[in-house]
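Written below as structure tokens is the structure these notes are about.
So that you can tell them apart, the chains are marked A, B, C and D in the order they are listed, and the count of residues begins at 1 in each.
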Amino acid sequence: GNKRVWSGEDAGMTLPAIHSTAHKGTFGTGYLLAGSDTMPGSALLAAKGAIRSGAGKLIIGTSRFAAGAIAGAVPEATYEIDGFYKTAKGKLPDKIKAAAIGPGLEEEDAMERCVKTLLAEEDLPVVLDAGAIQKRKYSKRKIPPILTPHPGEMSRITGLSIEDIQSRRIEAAGQYAKEQHVIVVLKGRHTVMAFPDGDVYVNPTGNAALAKGGSGDSLTGIILAFLCTHSSIKEAVANAVYLHGSTADLWVESGGERSMAASDIPELIPAVMKKLEEKRRRAE
Amino acid sequence: GNKRVWSGEDAGMTLPAIHSTAHKGTFGTGYLLAGSDTMPGSALLAAKGAIRSGAGKLIIGTSRFAAGAIAGAVPEATYEIDGFYKTAKGKLPDKIKAAAIGPGLEEEDAMERCVKTLLAEEDLPVVLDAGAIQKRKYSKRKIPPILTPHPGEMSRITGLSIEDIQSRRIEAAGQYAKEQHVIVVLKGRHTVMAFPDGDVYVNPTGNAALAKGGSGDSLTGIILAFLCTHSSIKEAVANAVYLHGSTADLWVESGGERSMAASDIPELIPAVMKKLEEKRRRAE
Amino acid sequence: GNKRVWSGEDAGMTLPAIHSTAHKGTFGTGYLLAGSDTMPGSALLAAKGAIRSGAGKLIIGTSRFAAGAIAGAVPEATYEIDGFYKTAKGKLPDKIKAAAIGPGLEEEDAMERCVKTLLAEEDLPVVLDAGAIQKRKYSKRKIPPILTPHPGEMSRITGLSIEDIQSRRIEAAGQYAKEQHVIVVLKGRHTVMAFPDGDVYVNPTGNAALAKGGSGDSLTGIILAFLCTHSSIKEAVANAVYLHGSTADLWVESGGERSMAASDIPELIPAVMKKLEEKRRRAE
Amino acid sequence: GNKRVWSGEDAGMTLPAIHSTAHKGTFGTGYLLAGSDTMPGSALLAAKGAIRSGAGKLIIGTSRFAAGAIAGAVPEATYEIDGFYKTAKGKLPDKIKAAAIGPGLEEEDAMERCVKTLLAEEDLPVVLDAGAIQKRKYSKRKIPPILTPHPGEMSRITGLSIEDIQSRRIEAAGQYAKEQHVIVVLKGRHTVMAFPDGDVYVNPTGNAALAKGGSGDSLTGIILAFLCTHSSIKEAVANAVYLHGSTADLWVESGGERSMAASDIPELIPAVMKKLEEKRRRAE
């Protein structure tokens, strides 16, 4: 497989064009299963990441309590109240272009049925994050599921120790990707993106300002939006990780490294996206 | 009918003057029937659009859940809890200057009774958006109802395919406006505003940054406010669509085109309105 | 009585000094009875006005629904849930320095008992606004109650027509102030402040950007804070009205006149207060 | 003991380094027991202070009502609903690095059991603030509990009058610290930090803009985060108090001294932290 750093140029060149006649349908509908009564904020962080990254429409499946707590802060989203349990029973909103599950959700028996419903939709790109990253067998799928483990979650699903994983990040991610036929986004400094075909991209952006609860939730939302708007799954994942890290690089120019909060990420996306779009124009 | 682009000069010249002795009564009370438990955000987006565009007072008829979720983000508004069902039973707050119904509402039997109550008020300008845009017969009315369909909703009420509508937008909108004696705001790039008397204005502002869930909700709020403050219905509609698009043109100067969120629109209105007011002063 | 315009110099010179050793107790506790299930936002607007204007602590007596809707937007405040009904039964939080009642409250039988409880506290400055401004008899009090009617509310309590009131604002306010032994803040362009001793101040600041629902609620909060921090009741009222109008004068420098929202007022207070504090320093 | 002012250089030099390979686990999990139905905002102010000061993860133990009111404003936090009562029964979330209790909580019988559970965890730094600052006996502990009384609370636990305390702040704080083997952060102008070993630091930053309800809540959150990220308890406390005061010094450069709100503190931390980090770099 081809192992390389996914650079700003790569991102600039592969960011999909926007036609002046586009409408919200053009940019697809993302379905986000995230947030619970004890972790309502994860749904907000993922949702704002998706809205700021260009998803045409966003449906959030979450608890009634979480929806009430976050709706005022992301008014663009609509809700499937208790969507997690509805999807666990096989129900899905119609015409969704991509789905993401896990931020703010904990392991419970309904999780496996929910993941199963999502993966049964052949043409639906699916991001499995946080509570949805569990030890399980994956059957081959047209679009490999996208797992976004941090080293702790990677250890949970591989049985490898965190030290072992961190000492050979590319190898560990690559191996799991190939064995399970999934895409593994092994988060942390220089996030590794391993694809089942052996390709591995390494992300050059980001810094320790992201080392705080919630950063991963917003990444999941950005990936969800890019899956709604990119034709290539690889480019969607690589550009999302690049954009996510770039917000932290912009942040440390004026803010203390330890003072960044995950809710800053969506607020920084417009400026970073503007730079990427300018790279795109120059590349044309 | 007179077909033309509604330019910045048109908007500048027809923006109503503000007298130093004005009070909130001068700028009328808007009644907004919007938002539900699954789509609370639509009410917030429409409400902020209305507040930022100059409505004197705003009453939001919405569910108790939606009111609880959004009240902290638009503290200027007051609420008619379950106003949609009260109006479906014929009740209306007194002394309202204009009404808008539909954002965040879905088709249900109460909708037709609710629309009927609003349209029965002879002198009340009424905006029908989203869930309120359904196939129905309109009886002639002193003030034609204002419909704000996107191409999908236009297809729903005309039976025409979206491709057909988009290939002859002015004709399709003009025909429905004349037949049903309504004002049709056919949204999308170069929004078409067709009036029952055959006049057609085309909006020059806006871009694909608006191609995202919620943009239309905020337009409805802006139209509602302009109906409260303009004497001419045509000018109110044309100026609202012009102002709405202008916020996206201002946005792309510094933000990524795909990163605009509908909640940016009310935040951008003050700067865009300032420019329009300056055009007004120069035009005097 | 002495009739004059209350100028920036007056405000600068009478703004109380702040000693470096001050603590929140120094700046008093305001008790704000405001907001209801249908008008929760009024409590938020008044509360933020009070917090931004220097109240040491703020207790909001409001409904549980309103508290839940606004608490996240004004985290500095604490709550007396259903405080309006508790105070109607004679109960008051202890050691409050000033009270304000009425924003977002409607006339109901408990209102008179509530107002009675407040006015029975001899040394407690009390602001009566909106729903608390009703036709009633006032017995003479050490600190005259402060009424903040807009012309419509003034008409309600005097029986005079709005036109009559607006044609002789100083006379109408002055007469009611003397007869009822109250302070009348007759709102509108060039707000008139009439005191029972015949003094009348006229406010030079503000513009029609304030002619929108909620502006008055934030004024009530500013007055409440200034009553907590000024020794002179007259200066507290005059400076609050001056500061409130100045936020609108600052706003129109960069924002459209019709685009100001009442929630902008507390956000603009810091810059306007800074200018007043500088005037204070220069005056020393 | 060593009595001295804790200067910017001290803070710059002792601010822990951040390694590029850090992850949220590196920066620890803070457990914040704060906020109630009548004082939900205190939990939000403390939580945002902690998130902006670098805690890796934050769990808030609070009431369901308070969680619903604040979750949208601090989406990075997760919740232990009714955590205060769970901890009073001996339960604690696992792997917490530091805990803080008291903001927005009132004295009740469960408080003593809750404090007992926290202090029973030998290696857990614990901040006792507001409602948790009560007259009680402290048994010697590896990590002395950190009390953050304002003069009123200091009077409550020492029986001394506020005047007496304020006339000999260093002595009063030092005495209590030595007798009870606790760290006393006696708040107010030139906050005194007295340690059981006789060391006393005095904070040079801050001003009367902080003399408003809620300022102390955000300090507690900053201390909690610094206890999660500093190895030295003394440096964590001193740097937190220094940073907290510095936000008020930055505020008065552009905002009125009486217009600062406690919710401004977390918003100002990034800029102040940036300056401290630059001091750190220069000191290297």
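The rule is short, and it goes like this: contacts are C-beta pairs under 8 Å (C-beta built on N, C-alpha and C of every residue); 3 or more make two chains touch, one makes a residue touch a chain.
Fair warning: this is a prediction, and the values are worked out from it, not measured in the lab.
A turn of 90° superposes the CA atoms of chain A on those of chain D, with the angle given to the nearest 5.
At the interface between chain B and chain C, two copies of one sequence, fewer than half of the residue numbers in use are shared by both copies.
Between chain C and chain D the centroid-to-centroid distance comes to 34 Å (mean Cα coordinates, whole Å).
Averaging C-alpha coordinates per chain places the centre of chain B 49 Å away from that of chain D. Among the residues of chain D, those in touch with two or more other chains are 68, 71-73. With chains as nodes and touching pairs as edges, the resulting graph is a single ring in which every chain has exactly two contacts. Listed in rising order, the residues of chain B touching chain A in the complex are 37-42, 44-45, 65-66, 68-73, 104, 150-152, 188-189, 207-208, 211-215, 254-263.
Those residues of chain C that touch chain D in the complex are listed here as 18-27, 51-58, 64, 67-68, 71-81, 229, 269-274, 276-277.
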